[in-house]
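Both complexes shown next keep chain A, but they swap its partner, so chain B is in the first and chain C is in the second.
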Partner chain A sequence: AMSQLTACAFLIGLVIFTCGAAADSDGGAQLIGVKSIANNLIVKGMDVTVQYDIYNVGDKAAMNVQLEEDGFPIDYFAVRSGFQHVRWTRLPPGANVSHTLILTPLQTFVFNASHAVMRYKVSDEATGSTVGYTTSPGEIAVIETADYDRQFSAHAMDWLTFGMMTTPSIIIPFLLWYASVRKYSNLASHSSRKNN
Partner chain B sequence: RRTHSRFLQITVQFQHKLARVLFFSFITSVSHFCRLFCDQESQASRMRVFAVSVLLLALLAFHAVLAQESAAGGASPEDQLEEEGNVESEGAERAEKVPTGSAADSGAGEPGMASDTPSAEQQDEMTKLQLGPSDKVQLSHLFLYPAGAGQVGRSLDLPTGKTIRVAMHMRNKGDSTFHVDLATAAFRYPMDMSYVIQNFSTVRYHGQDVEPGREASFVYQFNTDPQLAARSFGLTVQLGYRDAEGKNYLHSAINQTVSLFEPDEGFDGETFFMYIFLIVLAALACAGIWYLLKTYTPAKKLAAKSRHAVKSSKAAALSADSADGSAPNNNNGGLSPGGNYNLEWIPQQHLDIKNRRAKTAQSPRQRKSPTKQASSDASD
Partner chain C sequence: MSKKLTSKQEDILLQDYSRSLSTKSNALFYGNGLIVSAVPIMLFWRIHMMDPYQNAPLFAAVVLGCSYLIAFAYKNVKFVVKHRISQVREDAISQELTQEAPKGKKVSKKERDDMLLWRKNEVADYEATTFSIFFNNVIFLLLVVFLSFFLLRSSSNLVNYLLSMLLSSGFVALLSTGSGAGKR
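After this line comes the complex of A and B, so read on.
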């Protein structure tokens, strides 16, 4: 019985050990940062929405999560809303957080959107911070406002001009017709009055 | 190379058959010549027959030997190409020839495309070139779309016809910087992961640096074809990187069996319009039935009966010669005797049967004038 017990204990210990060893993450937090640009078109003077999603795929809560975005130079982009340095106290395992940054490009250029930097502690008792990089959206091209408007604006002024220019070729025949109709209907009413 | 092997196979088979045919013909001709020889009367004719038969048999034997030889000679190249002949029948056997897990092999992996099957020496070289993971790097992954796929307790099910997004996380546990170049993915045969069914596009990351002790995330997306029937595949998503010395690595972030399913769309235009069509058909059928009932209801039968009654009364009216042509019984409520149309709008002169010139019907051309006609009638 004793040998059976020890064998059992050994087996259980082995199982626990293998389970622990199979865990890829070494038992700490692992943060995946996804940085994406939500716009289809990036136009000078119009808002660009940059979305950051941070997922914790590890086993433990990530402590003191900081997101630092220094990839948008101040003379190329103006920050409309959101922060470029964000901090979360704690990100539990399996959870995710989102952050949005809204910028306005000030010039027309081709821009290489690089990664943002995340710093966090893999667990409560970890000594140093782990540095991670988010994904990079890649090259983005900022286009001129005129190009965007040519495709997407309402062209109200253009339609107004068009209306004004086409009005003569519609109004003049109408007036001629109306004058003629009035003349003949007047004649008809006169003659009918005469007959009556 | 494939066509060459086919040709060789065919010629070898032909030569085998030819050899067989020639051998049998040799045997029969020997017996035939023997008989011929024995049938000869004179010595001279016997000599002639013997000479001719020996010549012909020698020719036959020579050809048979040649055919046999070439058949045997063709066997050795045939051995090397034997695997190509087998590809058509057993596609999975190809695995033994191709090195496992090698993404450097850009084979398209269709059965029958045996031109990529290497010889033994080439296979050794490819094994040396085979890219594997680095043990200084730890990878993990997360499915962004569909969210939560493949997590603990849930099988990895991917929808067809959608863009699948995966985020890969790389941790550098070594001492030198790694430069991440690319990510690629493939659908493979689940029983044999070296057999690629579909390769997905390679995404370049332009050598993103991951310093020692640091981590980085990479997003990879691919489209599943909507025509892929719901079945299981082996999915591999691999990250390609190189270390500071320039050595290339190919590390699988995902290497597991996935099952594809067809997502239900919610609003299916086809089904919606099919229902509309069926409703319209049903309405049409109802309308048809209502129309038939209306036309062939008892009211119709009554009308037929009244038509009979009116006919007899009409005959009576003609013979009776009454001044008042519209007897109360004949009126039928302003409708025709059959009840089909309204008589009230027809001027009376057309309805008065009495005034009909049935007996003296003649062509209007012969009519001189209404007054003259009446006088002529009166005179008649």
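After this line comes the complex of A and C, so read on.
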């Protein structure tokens, strides 16, 4: 009788535990944030596009969603477009929102782009905010404009100017030489025709 | 015993077979060498982004060195080409002198030979000078562009400039010493 009672108590405890675990995962918003840098190369003085995508993978709408980006110091970056602190009133379950921030690097340096912070309420009834973090793009290097131009600029005008500068050194001697060659070649051919 | 003076013909022959240049030719060669050595600075400044003010001493030293090597190449190529030209142009120059000779006036054979030799030397000198400048300039500039934008493109700017300029001018100078230049 004692062993049967113990077994029953164990089974009941197991059922309660399982129900409790199930209750914890049921309901409530859950946000996943992705932070990415759209540029392949980050150049001083040229725009950098930072893209934020927030997905609600939970079962309930996330309320009062706030995205806080404090990872770009004003000494190093100037904000061209977009906001570093954004708020959405409601993000339904299964939905997503995007936000774009455009910055201009002011210096040449190696920068660690870390995560942005998300704050939201998991449901209408929730009292406190839940904090989440976006992904981190990692270390980025801001290169000089000169290095970028050296690699990618077509330099069409520069090549044209170089061509014009080399013309006197090449064309003029050639024309002078060729004029003399033609003159004496013609004389030689006239002379050979006369002899024939 | 009085010293026998060299004839005009001997003077012209000595001038023809000598490597020495007149002041005018020297000025022409060194001036051209300076110009053609300085032109690539524009490429390194605008495309390789080398600051001309910071690198002015380097540019000046390399330009002077390359000018010397290119002028050396000019002289050698001119010397070789001149003799070939004078052989080729003999008939044409003879024809030209016949056309230019004042009608009715008799010219002695010796005077005619002197004039022919002098004119041959002048024409060969002119054509050899212009050809030498053209030929060496083309080789030098092509080499500079090839070395700095293809072979040495991943090198630092300093190494790129030094090697492309010095190797190009060195190659041009070396090339000019070949093909029997100096051997008579």
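Just so we're on the same page, the second predicted complex is superposed on the first by the 141 of 196 C-alpha atoms of A that agree within 3 Å, B and C clash if a C-alpha of one lies under 4 Å from a C-alpha of the other, contacts with A are read in each partner's own complex, and residues count from 1 in each chain.
Operating definition for what follows: a contact is a pair of C-beta atoms (placed from the backbone, for glycine too) under 8 Å apart; a residue touches a chain by one contact, two chains touch by 3 or more.
All values reported here derive from a predicted model rather than from experimental measurement.
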Chain B versus chain C as contact partner of A:D124, first or second or both or neither: neither
Which of chain B and chain C A:P173 touches, first, second, both or neither: second
Chain A: partner with more touched residues, chain B or chain C: C
First, second, both or neither for A:T134, with chain B first and chain C second: first
Touched partner set for A:D70, first chain B, second chain C, both or neither: neither
First (chain B), second (chain C), both or neither touched by A:H155: second
Shared chain A contacts, counted only where both chain B and chain C touch the same residue: none
Chain A - residues contacting chain C, complex: 146-147, 149-150, 155, 158, 161-162, 165-166, 168-170, 173-174, 176-177, 180-181, 184-185, 187-188, 190-192
Complex interface listing, chain C residues touching chain A: 32, 35-36, 39, 42-43, 46-49, 89, 91-96, 123, 126-127, 130-131, 133-134, 137-138, 141
Residue ranges of chain A in contact with chain B within the complex: 24-26, 30-34, 36, 55, 57, 115, 130-136
Chain A contact footprint on chain B (complex, rising order): 138, 140, 142, 144, 167, 169, 171, 205, 208, 210, 213-219
